[in-house]
Structure formats: C-alpha cells, structure tokens
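Two complexes follow with chain A in common, the first pairing it with chain B and the second with chain C.
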Partner chain A sequence: MYSASVAGRILNEWLIPHKRSVILKRTQNLDHRRKVKASMGVIFTFPAFLFIFTFMIYPLFTSFYYSFTDYNYVYDKKPVFAGLKNYISAFSDKDFIVTMKNTAVFASSYFVLVMLLGLIIALMLFSFKKGTGFFRTCIFMPIVVPISLAAILFNWVFAENFGLLNFIIGDVLNLQQFTRGWLTSRSTAMGTIVLVTIWSTVGFQTILFLAGLQSISTDILEAAKIDGANALQTITRVILPNLRETYVITGIWAILTGLKVFVQPSVMTGGSPGNATRVMYMHIYDNAFEYFEMGYATALGFILSIIILIFSLINLRINVKEDD
Partner chain B sequence: MTKKLTLTVLLLCVSMMLVFAGGAQEEAKPLGAAVEPKVVRITGQSWMIQKILIEEAAERFMKDHPDVKVEILTYAEDSVISNYAIDWSRGKTPVDIAIVQGAQFAAQFVARDLIYNFDDELDFFTGDFTRDKFVGVGLESSKIQGVTYEIPLITEAYALVINNKMFEEAGLVDAKGNPLVPKTWDEFYQFAKKLHKVQGGVVVQQGASLQWSVTNTYAMLLATLRGARGTVYGDDGVSISFDNPEFREILRIWKKGADEGVFSKEMYGDHFAGRNSLMANKLAMLVDSGSRWIEGASTLGKESVTVIPFPGADTNGSYGWGTGIIIPKASPAPNLAMQFIKEQLLGQEVQTGTVNQYGKMPALLKYFEMAEDPEWAVMKTIADASGAPPTYKEFSKFQKATPPILQNFLDGRLTLDQAINEFEALVKSLDKSTI
Partner chain C sequence: MKSKSLTYNSKSQWVLAILLVLISLVFITPVIYAIVTSFKLEKDIIGSSPTFFPRNPSFENYRYIFERRGVYLLYYYNSTVITIAGVLITTVLSTMCGYAFARLPFKGRNVIMGFILFIVTFPLAVLLIPIYIMEYEVGLLNTNLGLILPNVTTVLPFSIFVMRGIFRSIPKELEESAEIDGASVFATWWKIMMPIGLNGISIVIIFCFYNIWGEYILARTLATQTPAMPLTVGLTLLRGEGWSYGILGAVIFLALLPPVIIFMIFQKQLIEGITKGAIKG
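Presenting the complex of A and B:
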C-alpha cells in the first residue's frame, strides 16, 4: 500500500511532469526543426524563385502591361497607356491577318504530317528489332543540326539556278519539266518550308512516340497475339489507344512548333514570294525590332500565346479523359 | 517565421528587380572623360570586321601606340546596336565606336541625343579629312538634316555586274571587244533575252537577275528611280515618288522579263542568290551592289566579270550608301576613337585593302587612284552621281513593305496601277520626319 502510494506519488509528482517536460521539449525541438527545415526550404528555393521571377514572371507581367500601351522604345521616353487599342488594331492590320492565315496553313499541315510520320517511323522502329540502329541514327541525326543552319543549307538545295534539287531532277534524272523555283513559286514555297521543318523535327517526335510505345506493357501485346489479332489489328486496337498520354505531349509539342515557326521562313524566304510565307512571329519581330513598336508587338505576342493556349487545351481535352 | 521569411525573399526579389530594371538615368557626359582611358572598343558585324580589315587596323594601331589597347566586339544584327541605346541613355557604353550602315540607321540615336555629330561637337573635318576629300554619296548618307553623325568607312552603289564571256558569245560587244552598255531598260531586256539560254526546258544561262529580294528591293527601287529620273523624290522634294511615266515603263519591262523567265525571281527570298548564280557561271547580268563584281571575279577570273552602269546610272546616278562609324556620347574616349579612325580606318591600308580584296569602295577619293582594277573608275562615276536613301523616321517600314508590293506585281497579283497606287499609299502613310 505504502509502496503503491509512493509509486503513485513518484509517478504523479516527478515522472509524469518530467515526461511531460521531456515531451514538451521534444515537441518544441520538433517545431524548431520543422521551422528550420521550412526556412531552409525557402532559402534553397530562393535562387530558383529569383530566376523565375526575374526572367519569367516579371517580363510576363511587364510585357502584358506594355501590350496596353503605345510605346516606341527608341523614340518614346516612356509607355503611354492606350487601353485595348493595340488588340483592336491587330485585327484590322491586313498584314497581321495575312500572317495569321499563313501560320494556320503552316501549322495545320505541319501538325498532321509530323504526327503521322513520327508515329509511322516510331512504329517501324518498334516493330523491327534487328538492324534498326542505322535507321534510328539517320532519323535522329537532323535533331543535332541547328534549324537556322538547316534552313541555309536547304536554301542551296532548293535554289532555282544553282540548286542541288533542280540539278538532280533536270540534269541527272532528265525530268526538266519538274524543275522550278521551289522557294520563289507561290505554289511550292510554303510546302518546301514545311518539308524542311519536318526533316528537322520528325526525329524528336519519333523519340517521343518510341518512348510511348516502349511503355506499353508486353502483356497486353502478348494477350492480343494470343487472342489472334493480326498486325494491323494490334496497331489500331491495342497500340494506338494505349498511346493517348503520348499524344498529349507530342500534340502540344507539334502545336507549339507549328504556331511558333519563325526561323525557317525568315531564313529561307524572308516571307516571300509577296507575303505568301510570312508568319505571325515575323510580323511580331518586325514590329518589335525593326519598327521598335514594343507596345503593339507585345499585344501581337499575347494574341499568339492565346491561340497556342487554345489549341493546347483542345489537344488536352481530346486526349485526356476523366479516368486519367 | 516562414511567412516573414517568404516576405523577406519577395522584398529581396523586388529590390533586385529594381536594380536590374533601371535606376535613375544619368546625363550623358560632355566629350569623354577628363583623362581618357587608353582603350578603344569597336563593334561591327562579322562581315564588317572582316571586310573593313578591323583586326589588322587594331594591330597596327596598338603597335604604333603601345600604351593603347583596341578591343573588337562582334554584333549579330542591327537590333543589338538599337538596344545599346538603353545603356547610352544612362551614360554607359560597352563600345566607343560602332560600325553601322548609314545615317538612316543612326537617326534613332540622334533623336535622343545619344551620339556625337562630327561637325561642331567633334570637329572631325580638318586637315587631310576635309569634306571635299570624301566620296560624295558616302558623306551624304552620313547626314541627318545636314549634320554629319557618321563617318563613312566604305561606300557602295548599285550597278550592273556582267559576265564578259557571255556578252562576247551573244555578240554584245563593240569593235574593241568591250561589252555594250544598255542605255534603256528596254535595251536591258533585249540584252537579257539574247543572253538567256534554255535547253530542254531547263535554264542553263539566266539572262538577268535583279535585286528583288525581301531585304533589298527598296534599294533596287531607289537605284532605278534615281537612274531613270535623277531623283527619287516627287514635287515636294521629300516623298519618294513612284507615279511617273519612267517608272511605269520600267515596271512594265520588269514584268515582261519576269513572265518570260528572262529576269529571274531567284532573289525573292535570298538576296545572295543572284551573286551565287553569277559565281556558278549561270548568270549573265546582275543588278546589285557594284562590289559583287569582285566576288564573281574571285571565282570566275577577272577577265570574265566586269561592272558597268545599269540604264541611267552613269548620268543620273544610282542608290549609294556608306557603311561607317558612330561614336556614342557615353564613350569615355571619343578623342582616342577619332584618332583610331583617322590613323587607321581611313588610312591607306584599310581603304585600299578593302577595295582590292573585297570590292568595298573607299570613303576617301584619293584611294580610288590606288585601287588596282579599272572597274573602280566606272564605280566612282556611278557613286559620284548617286544619291543616299531618305532618312525617314519610318524608313524601315518602307524597306519591309516594298518587296511584297513589287513581288505581287511581278507575280501578276497586282496590276500596274494597283502596284503604283500601293507604293504611293505606302509612302504617304510613312512618318517622313527625320528625328
């Protein structure tokens, strides 16, 4: 009884408070550690945050503000707020409308071709396991060539009087009726630029599709085989539906590449013949850096961004289902 | 604690942004520093550095003045120099000398009082460098409202570069074997027709290529107008005028030649295409910068290529321009920069070297005598009669908007009247003030 009461006293008077204080201390330590951890987190993310803030967020908001101003950065001392004037002017700017149409033609034909070709080449590389190393290298090689350099090289290939292609068609193959000014004729200029862009980028698209194909479980493919599916059925009913996630990435990438086209027409045709290959980014660039109209140019840039966003969302909507 | 820290980080970000973004603008300094540093920094595009022999000039200058250092920077394209204006307006500069193409480009800096004028501010035109010693068109293209803001280093003018052998084969030579010079654009077309060769549907020898490119159509138009009428301006003396019988006739001939394939459209998107065809021995006549002849000669041999005036260029002149230097007021060493320009850039080695090696005409008249080839006498005649481009504030819009109009006309998308009206409307829409 005595010992029980002593034990109880010890427990009540010494052990429990001691334990409480230990627990309290530990909790305080934990809190402190958590706070230190949180602080460290903030400190470590600071450089990245600063970078993003300086080079992305700040310019984004500043340029958004500029898009509502009249601002020629060479002649004007500071931007003057102009409301929606630049956005309204854009849709009455004949040249901008023409470049929108040209960009739409380029982007739509590029999108269809690069998606189809990328997928077909990836399927071929995926199906034929042996001896594909050489072909893989050939297809991926153009990725390492800068697009500007490729455009200059292809200028020489497609030149009317001294070009390699006309030489091969006319002098080697003796098919003179098919020689032409590939980049100076309205019927072929845009198509030629699309082809060069496909050449330059299809390898990357193929890599993405190939990665998607390799992520499909072999069990599914084997199950299809056991169920008696032939090659075409395996592709159309098993492989293609399972590539939905890949379509999201490849689709967005193709939309971006298509709508953001700038280097190829700038180098290969400069927008000629007439305005037939002049695209939106060329018009934006000229307004910004040739005419120094930064206010108007940023408004055009935001219009292009909105168009890209809309198409990217459509792509997401089509390819991502709720259960994903 | 975390909130406080986040707030501190945000504040830090904003303050750093302010540091990056601006700060108070400093006034430009008066004529350099009290004691000028012994460094001259010069910038130009890579072709300028190469063809104006800047590296060689820098080495010689440093050898002559061992305590001085010359630094050379290359810039990729014109907008880089435009962006220097931000530094210059704060009284800072990464360069003391910038090589640019004509006062029309320098106008943007003049508008904000960022570059020196060489007349009363730097008093450049003294001793061996008085105005009468410069090639007229080079100096003219360096002025804005009569004030010189650029010192020309090289001059160029549009001319007709021809393949001598093709002229001989076509019988287009006089009794002495010299190539005939077309006096009218119709004659030019007749020459091209004779020179144009097609075999089995393939053009094996192109009659003529004209500078109808997206980058240089404006120059071709100004050269042609000047050659045809002696001026590019209308009655007001300010607006470029296209609506005149001479230019209408020229456009008709160009269209006829283009429709028949006698005049090539190869330069639409590639302003080098004509030069490349010339060098590939596939082109008989090229209307372009006269300096192209030496590039053709370097490949085909000097006996095969020469330069002559295009119709009217010998009497009325052509389009001429200078490539020269500007000095920002932010430069701490404008006097040293001027010394470098006078001793080296306008010195004999650079001026004769650039003409003999690269076909860029000298800025000073005396060096024409030291040019090796007789063609330079022809080019001097053309350059003497030539005119510089207007220094409109919105000249770049003129440069950008003229090629589509001309190409649409040549491709049959615009009638002659529509094309003339579009040219006229374009000129009317431009801000033609200078600064």
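Presenting the complex of A and C:
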C-alpha cells in the first residue's frame, strides 16, 4: 500500500516539472518503487522456486553426484565414490548397447514420420476451404489420451486374436495371410510402437505446424500465385523455407519424444520379443527400480541426457539462422 | 482463411476432403472401438463372427466394475484427487511466478528461467532416483501427496512460461493506473492482472489437467502399492488379470472421459496453449 501511494504522489508532482527538488524526489521514489517491486518479485517467485528446487534442481545435482558412485540402494548404506567407473562400464554393457541401437531406430523413424505427417496434415487442414472443425477434433483428440491408456488400447487393436486390425485385415478385407501378432513378432513390434507414438503425438506437431503456416504472410502466398506457381511449387519454394522457426520447435519436440521413449514399449511389450523393443530409458529405469543400482542408473541417465542435448543443439544449429 | 488456402480447384478440394476423412477415421476408430466394445457381451466379442457394433447392447461390463471391482474406483479417486490438487497448486504458483517474471524485475531472474528450461530437457528418470530416495526417507511413497508435489513441478515450467507471456501482453498502462490509485503489488496482481489474464489461466488449467491425469512415470515409480495408484498405472495391471475386452473397454472409456470432455469444451484454449507455450515460451 505504501509504495502505491508513493507512486500516486510521483504522478501528481510530475505535473510540475522544472523543479529540481521535485525531480530529485521523483527519482528517489522511483528507486524505492523499483526496490519494492524487486523484493515482491522474489516473494512471488519463491513458492514456485521451492517446488522446482526440491523436485528438479536438488535431484539433478544429487543424481549427478550419484553417477560417480557405487550405490546400490538395497545393499549400500551410502554412495561410495567410484570415479568414472559407471560411465566406463556403460559402454561395455552389451544390454545397454542394444538398447542404444533400438532407441536410435525408434527415434530416427519416429522423427522422420512425425515431422512429415505433422507437416502434411497441417498443410491439408490449411488448404481445405470448408470448415475443418470435425477433422481437427479427431486428429487433436489423442493429445489428451494418457499415453499409457493409448498403449493398452493399442495392445488390443494389434492383438493377434480378436484384435481390431487383424479383424479388419482378415474378416473385412479377407486377407488372412497378412494377419499376425503385430507386437509379438520381431519384425513388426518396434514399427507398431512407432505408429502408436505417432497416433498420440502427431496432433501436437500438427498444431505447431498449423500455427507456423498461419504466420506466413498472405502477401507471399498471393505473390506466388500471381507468378503462376502451382500448389507443389508454392509448398516447396515458399512455404517450407518460411517454416524455419517452426522446425526449431517441432524438431526439439520430436527429438525429446523419440529419445525419451519409455511408456509405450514398457506397457505394450515390456521390451519383448527378446529385447527387440527394449529402449535406453527402460534400461535406466530397470537398473534403478528393479535392481536399485542407483549409481549406475544415474550414469546411464546422464549419457542419455548428453545424447538428447547433442541432437537438440544440432537441430538448433541447422534451423536457427546465423543472423538472428 | 479463404485467401490463404493453396488451391481453389474444386477437384483437389474433393481429394483433400476424402483424405482428411480417412485420416480422421484412423485417429478416432480405436477410441470408438473401445467404447462400442464396452457395451458388448463377452460371447459377442470372442464369438465366431465378431462385429464392429454390439449385437446385444448391454451395461453388464459397467455393472461389473461398479459392483465387483472397488479397486478400480479407488484408482479413479486417486487420479481425481491428484489432478484437482495438482491443478490448483500449479495455477496459483504459475500465475504468481509468471507475473514476477513478466513485470517484477529482480536480479538473477533470467538465469533462473534459463536454468529451468535447461532442466526440462533432462529425462525424468535422472531426477526420479533422488526423488524416490527423498520420498522414501520422509514417508511420502504411496501417498497422494507424494504424487501431487512432483507432478506440480513437472508441469510448472510450461505453466510459468504461458502465464509470463500472457501477463507481458497486457498493456502496462492498466497496471500503472492501478498503482496511482494506491494498489499494492499484490492487489495489482490479484485484482487487475488475474481477471485480465483469465484466458491464460484457462490454458494453464487445461494443460495441467490432461498432463497430470495422464502422468505415468512418476506414478509407476512412487505409487507401487495398489491402493495408492492412479488410473494410468492401475489400469496397466489389468493386462495380467485376463479380463474380458468388454470390461477393458469400459474402464478405458471411463478413464478417458474427463480429459476428452475437457478437450471437447476447451479445444480452442488447448490449441492456443500449445502454440503459446511451445513457441513464445
């Protein structure tokens, strides 16, 4: 209250300029007000900061420390410093190497597909002249479907017996030779999980691409049309180069979703058949919460973090222009 | 919008329409399938000639859930408590913090924000290990509070950025005139900024709602005993129980109901939120 009444006085006095004392007073008061605002800023930030400190910053640093220790949560009372041991043994851990390969397969195919499909669907919605409300509702709805429930749902869609897909292929289209256990066969399990992830996340990418498309100025599109460009030329020469800013964001999202994949394979296959769908995140998780090897698991977690960081930076490097 | 579309040719509009219908069907069919199956009888689901729509529609599966499976209602209760509390806390914290980041400059503010953005890129698994140990030591494992607190934290950064963007877009003059009238910083925030920022607040509420309702990894790790589990984790256990697909369809339908209803009502805010948070944050 005090500070605000001060502000009121400042403004009254502002009406009488040229008086040196008044100007002096005004700067003093403004200074005071700035201080009040700064301290209120700290107070307003503090509760949120408390949460972020307790559940993000503190865990991050603790985790970083654990990654250099031997720490089995069941057997060891305290973490014992072990230097780089965990990081070194990670690269001779055959299971980890396999999960790295699987993650690379998943993330790269997911990245390409989600970017392409997101862009294509956005372009279609953008180009369609009539109302797109119904299509939007259908395509965006999976965003709010919890990923673990989507996984259960699709377990059932792709089930060998009584699954929806095999029902359509076998009973509706009468192509029995193409029915199979989509999630139990080595050749299709990972691809199926990619498709499920696309189903639940492509709406999100579409929204971002649509926003990007809508921010392209109408003048550029009109100019292209006057110059006689057809739809394909307009897309490749005008629209795609103008979406650079959008690629930064959609790219980061696709990289994060692809490399952090865990829930879908964990619920749908548990890593099977064999370890065909076992991903890095799963290996980290199992080391931590199945075997309670906290030191080793955190080291694996930081290796994954570094990989994520590298790809995010590459994405930034490619899509952010030098001059901005 | 007309002037912005790429093609006016009516033939290509027809092709577009057909493609969009097909894509929409692919997206919506699994959910519709779960819903229609939930009204089927077991014998019609695994009978010799299965059909898409129920032959003898019945509420048998729902009756079974409500009469015989109390644990399912418990999952539902946990999800509801965690989500409502989480959304409330996040809304208060993010509107305060967002306002401070937008209008109350203090030292180190940009450093804090940059650092929060940096942490968000880390996989949750890295943070989860110390969180698990911490909650084990203070006895928060398998409690709703133990899930509310970290859930709030995971949705906070996005919410703060959305609110910061919203408050920044409000003209400064409004705030200044309030100050002249003698309003304190707190009163300015509560009486002037909050009502104007209502649109942003609804974005935050929807974002937090579907994210906390659908959260899986925290729940799976921090709630390992059945009575403490929310829906997302509890339902994944059903797989092992050999339940009929009809009951599975029914529980999935019930679990999807709250977020889907919210989505239907607030689709515009959801889209705006994704655009605002991801692009302008």
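Throughout what follows, the second predicted complex is superposed on the first by the 289 of 324 C-alpha atoms of A that agree within 3 Å, B and C clash if a C-alpha of one lies under 4 Å from a C-alpha of the other, contacts with A are read in each partner's own complex, and residues count from 1 in each chain.
FYI, contacts are C-beta pairs under 8 Å (C-beta built on N, C-alpha and C of every residue); 3 or more make two chains touch, one makes a residue touch a chain.
Worth saying up front: this structure is predicted, and the values here are computed from it rather than measured.
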| item | value |
| --- | --- |
| Which superposed partner A:F49 touches (first chain B, second chain C, both, neither) | both |
| First, second, both or neither for A:R237, with chain B first and chain C second | neither |
| Contacts of A:R186 with chain B and chain C, given as first, second, both or neither | first |
| Between chain B and chain C, more extensive residue contact with chain A | C |
| First (chain B), second (chain C), both or neither touched by A:S148 | second |
| First, second, both or neither for A:D171, with chain B first and chain C second | both |
| First, second, both or neither for A:Y291, with chain B first and chain C second | first |
| First, second, both or neither for A:T269, with chain B first and chain C second | first |
| Chain A residues contacted in one complex by chain B, in the other by chain C | 38-39, 42, 49, 54, 58, 155-156, 161-162, 171, 289 |
| Of all residues in chain A, those that touch chain C in their complex | 1, 3-5, 7-8, 11, 34, 36-42, 44-45, 47-49, 51-52, 54-60, 62-63, 66, 73, 121, 123-130, 132, 134-149, 151-157, 161-162, 164, 167, 171, 199, 203-204, 207-208, 211, 214, 218, 221-222, 231, 234-235, 245-246, 249, 253, 256, 259-260, 262-263, 267, 281, 284-285, 288-289, 294, 297-298, 301-302, 304-305, 308-309, 312 |
| Interfacial residue positions of chain A with respect to chain B in the complex | 35, 38-39, 42-43, 46, 49-50, 53-54, 58, 74-75, 155-156, 159-162, 166, 170-171, 174, 176-177, 179, 181, 183-184, 186, 189, 268-275, 277-278, 286, 289-292 |
| Parts of chain C lying in touch with chain A, wherever the complex brings them together | 1-8, 12-13, 16-17, 19-21, 23-31, 33-34, 45-46, 49-50, 92-94, 96-97, 99-101, 103-107, 109, 112, 115-116, 119, 121-134, 149-150, 152-154, 156-157, 160, 176, 178-189, 210, 213-217, 221, 231-233, 235-236, 238-239, 245, 248, 252, 255-256, 259-260, 262-264, 267, 270-271, 274-275, 278-279 |
| Contacting residues of chain B [partner chain A, same complex] | 1-2, 5-6, 9, 12-13, 16-17, 20-21, 79, 82, 85, 108, 111-112, 200-203, 206, 213-215, 264-266, 268-270, 273, 276-277, 280, 282-283, 393-394, 396-397, 399-400, 403-404, 407-408, 411, 413 |
